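Chain IDs A, B and C follow the sequence of writing; residue 1 opens each chain.
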Amino acid sequence: MLFLASNRVDELRVYQGATVAMYVVAIASLILLTGYSGQVSLGHGALLAIGGYSAALARNHFSAPIWLCFVVAVLATALFGAVLGTAAARLSGPYLAGSTLALAVGLPSIANQFNILGGEQGLLFDVGAPPASLGADFTQYKWYFWIAALAALIAIWWLQNILRSRFGRTWRAVRSNEVAAELAGIHVGKSKTLAFTVSSGLAGLAGALLAMTISTVSPSAFPLTLSFALLTGAVLSGVTTLSGVMIGALVLVATPDIADAISSRFASSENVTTNLPGLLVSTLLILVVLLVPNGPVEQMRTLRTRKSTKKTR
Amino acid sequence: MTLVVSGLSVDHGAIRAIDGISFQVEEGQMATVIGANGAGKTTLLRALSGLTHVTLGSATWQGHELLYSKPEKLVRLGVSHVSEGKSVIPELTVEENLQLGALWRRNAAESRATREKVLETFPRLAERLSQPADTLSGGERAMLAIGRALMSKPQLLLLDEPSLGLAPLIVEQIFQSIRDLTTQMGLTVILVEQNAMSALKIADFGIVLNLGRIAAMNSAQQLIFDPQVRAAYLGY
Amino acid sequence: MYQLINTVLIGITSGAIYSLMAIALVLVWRSTRVVNFAQAGMALLSTYIGYEFIQKFHSFWLALFLSMIAGAAISALIDATFMRTLFRRAGHGPIAGVAPIIATLGLLGLIRSVLALVVGGKDVRIKPPVSSVDYTISGHTIAFSPLKLLIVVLVLILMLVLSLIFQRTNVGLALRASAYSPEISRLAGVRVDGIRTLGWALAGAAGAAAGMLQTPDGTGALSPDSLQFSLLLVFGFIAAVIGGLESLVGAVVGGLLLGLVLAFVLMYISGSLVFITAFGLLIVVLLVRPGGLIGSRRGRRA
């Protein structure tokens, strides 16, 4: 089905499709960490950066095949996440938020310090042309899309399974009441660290995918606004459940487009064009948090249950 | 003036926690509400003090309707509630907890007088004024909670299980203090208790709640000798 | 030798600004147990308003005073409308801890975009009220000016005044009690909603002061996209967390410490490591004292 779709649709949409897939993975990782494990991360962008840079380094210095680059990205970021997670597990609420914020701001700028990381301009990340066996019609963007979509599907499927397993249950138990969970024999610290590790691995994958779509990694590719955008996407999707993850991803990709359309309609200044997407996203975020705090999917579920209980009264 | 509660019903979601309760408490009387866990005793107090949303009914006291108001407002009408779980703020000192109750009062001299009275009744608190409340023992916390409630210059005092988790000797002391204060300050008191026997001994009359409804209502003395009450709640 | 002195001075002055922002954040935290990410945005808005007042009245001090009032009003308005609604709708369930953070972040983005749309492109400058020319001691210029001195002094005064209010007055008691336990405070007759709004108002005023004092320093230019704004936001928050959100003194200590450490890194090591150092400092402090430098040893479940 996807194959047919990607053939019909024009290049730009295909490219955007790849970006959507990337966001799906990134948002899913955040949903895991914040929604399921209750740890707020304002700095997921930094984790994406680690993934992106690892993939680029693997590619450039070791000429590793593409799939291996992605694996490296996942493992490297997961490792970092495991270390960070042990510290993070001891922090609560705002302290954790503060630390991740500092990380998001601090990490990308390290690249400026070390030459091997390419400084301001960053590194190239070239996944190469699509294999000849797919035919002459198969464009570069389609290749991106396919890689990203495949990666996303695998990641989401795997994540769903984890969330349904006893790990998922443990995370939710910790999220609702840490003390009770501890008393029930759950090792809270280990559980949180595990969530952090898994989330980081996924974020690393997303980072590598991002690097692929823009063909580079650089500090400016992972600004603070990326972390905020991801959090927004997670909330829009419904931060406590994986079902709505597409919604958030689609909104994040669609908004700059919509903003463009609006500002070209009204032939506005450059000032408007730069700031309109931010305005739209922020307004949307506020509306969502006020009106459907648990996300649209959860809200509909609640409405349906309420309707059915009303009938049985 | 009498407290008149009429047709009070409170829902927790789809569950009716209290169903059409009606009773009266004369001014200066101490009423005790006893019953098993989950009978609705705490819900009743929370409804009267404005913490819980009320579905139906009315409760009038000194010409005012108590229900459907915010707790802060009711305090100014003379309603003071010591909620379940000792009702003190652990991070604040004993002195600060007491002061908290009097913050809304205008008359500083009167507040000071009340404070003296409270410290006289509970000398242990006077010894620990500058200590944070979480360093207090269970009994001291109960005293502090009651003290805080008294600092609000109440006329209607709602007490939710002050004896919870306390040794019998302390419970006796505290109950005696409550009784004395009630008489001295002319308070009307509703005392919710698990410890039915001790409560009935100091109260004027009692209400037995079961599954959100009134199962029995009589003078405390009568209830002590009522065979059904004895079997169910007094253990003999 | 002079480089050392200069570094220390730079650290203190930048630290003082972070402290002001941190104070605003701690104020909101101590009175409502919410971290207000939009604080910097509101501070920026108040500073723009202050700029308008300067244009009108040609007096920095009057404008500072008025902008603080404006900041308080804006802050109070946001609490009374936005935050109260938020708590009513999202106060329960799994999203409860996360919702205020996300909501205030959204608010920040909103304020920033709106400001950029309305003001962007216009050159807005605030002239300093006292000289911003650095002092010279025996022929050497040190990185300190009357303006910087003013900033440090004002921050210390503000810290003292606010601490006194919180610890010694009835209002302060009400603020603290409402944050620790809104239910018990209500039962004691405290108008908790109103008190919270007051806490926000105080924070708004502090934030406005931070914006108004920081802007004349350096280039004197004001813009929603400026680096200064981002720094204010991020470092103010980091400073607050380092100090431990529980205390105003902590906010100042955190701010000064952050300022000093960053100044040293900037001068002696490299500019591009500044941000990651902030992170490093934060992690180190939190590992040793999870409640921040001046946090209570009691584990308080936020």
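Assume contacts are C-beta pairs under 8 Å (C-beta built on N, C-alpha and C of every residue); 3 or more make two chains touch, one makes a residue touch a chain.
None of these values were measured; they are calculated from a predicted model.
**Student:** Please remove chain C from consideration and report which sets of chains remain connected through touching.
**Tutor:** Groups after removing chain C from the contact graph: A | B.
**Student:** If I average the CA coordinates per chain, which chain comes out farthest from chain A?
**Tutor:** B
**Student:** Find the most central chain, measuring centrality by the gap between its CA centroid and the centroid of all protein CA atoms shown.
**Tutor:** The most central chain here turns out to be C.
**Student:** Busiest chain-chain interface by contact pairs, anyone?
**Tutor:** A-C
**Student:** Report, in whole Å, the distance between the mean C-alpha point of chain A and the mean C-alpha point of chain B.
**Tutor:** Those two chain centres are 52 Å apart.
**Student:** Between chain B and chain C, what is the separation of their C-alpha centroids in Å?
**Tutor:** Using C-alpha averages as centres, the distance is 43 Å.
**Student:** For chain A versus chain C, what separation do you get between their C-alpha means, in angstrom?
**Tutor:** 30
**Student:** Of all residues in chain B, which touch chain C in the complex?
**Tutor:** Residues 49-51, 70-72, 75-76, 80-83, 87-92, 96, 99-101, 103-104, 134, 148-149, 151-152 of chain B touch chain C in their complex.
**Student:** Along chain C, where are the residues that touch chain B in the complex?
**Tutor:** So the residues of chain C touching chain B come out as 170, 173-174, 176-177, 180-181, 183-192, 296, 298, 300.
**Student:** Which residues of chain A touch chain C once you look at their complex with the stated criterion?
**Tutor:** 34-35, 38, 40, 42, 87, 90-95, 97-99, 101-103, 105-107, 109-110, 112-113, 175-176, 178-179, 224, 228, 231-232, 235, 239-240, 269, 271-272, 274-276, 278-279, 281-283, 285-286, 289-291, 293-294
**Student:** Chain A touches which residues of chain C in the complex?
**Tutor:** Residues 29, 35, 82, 85-86, 89-90, 93-95, 97-99, 101-103, 105-110, 112-114, 116-117, 120-121, 230, 234, 237-238, 240-241, 245, 270, 272-280, 282-283, 286-287, 290-292, 301-302.
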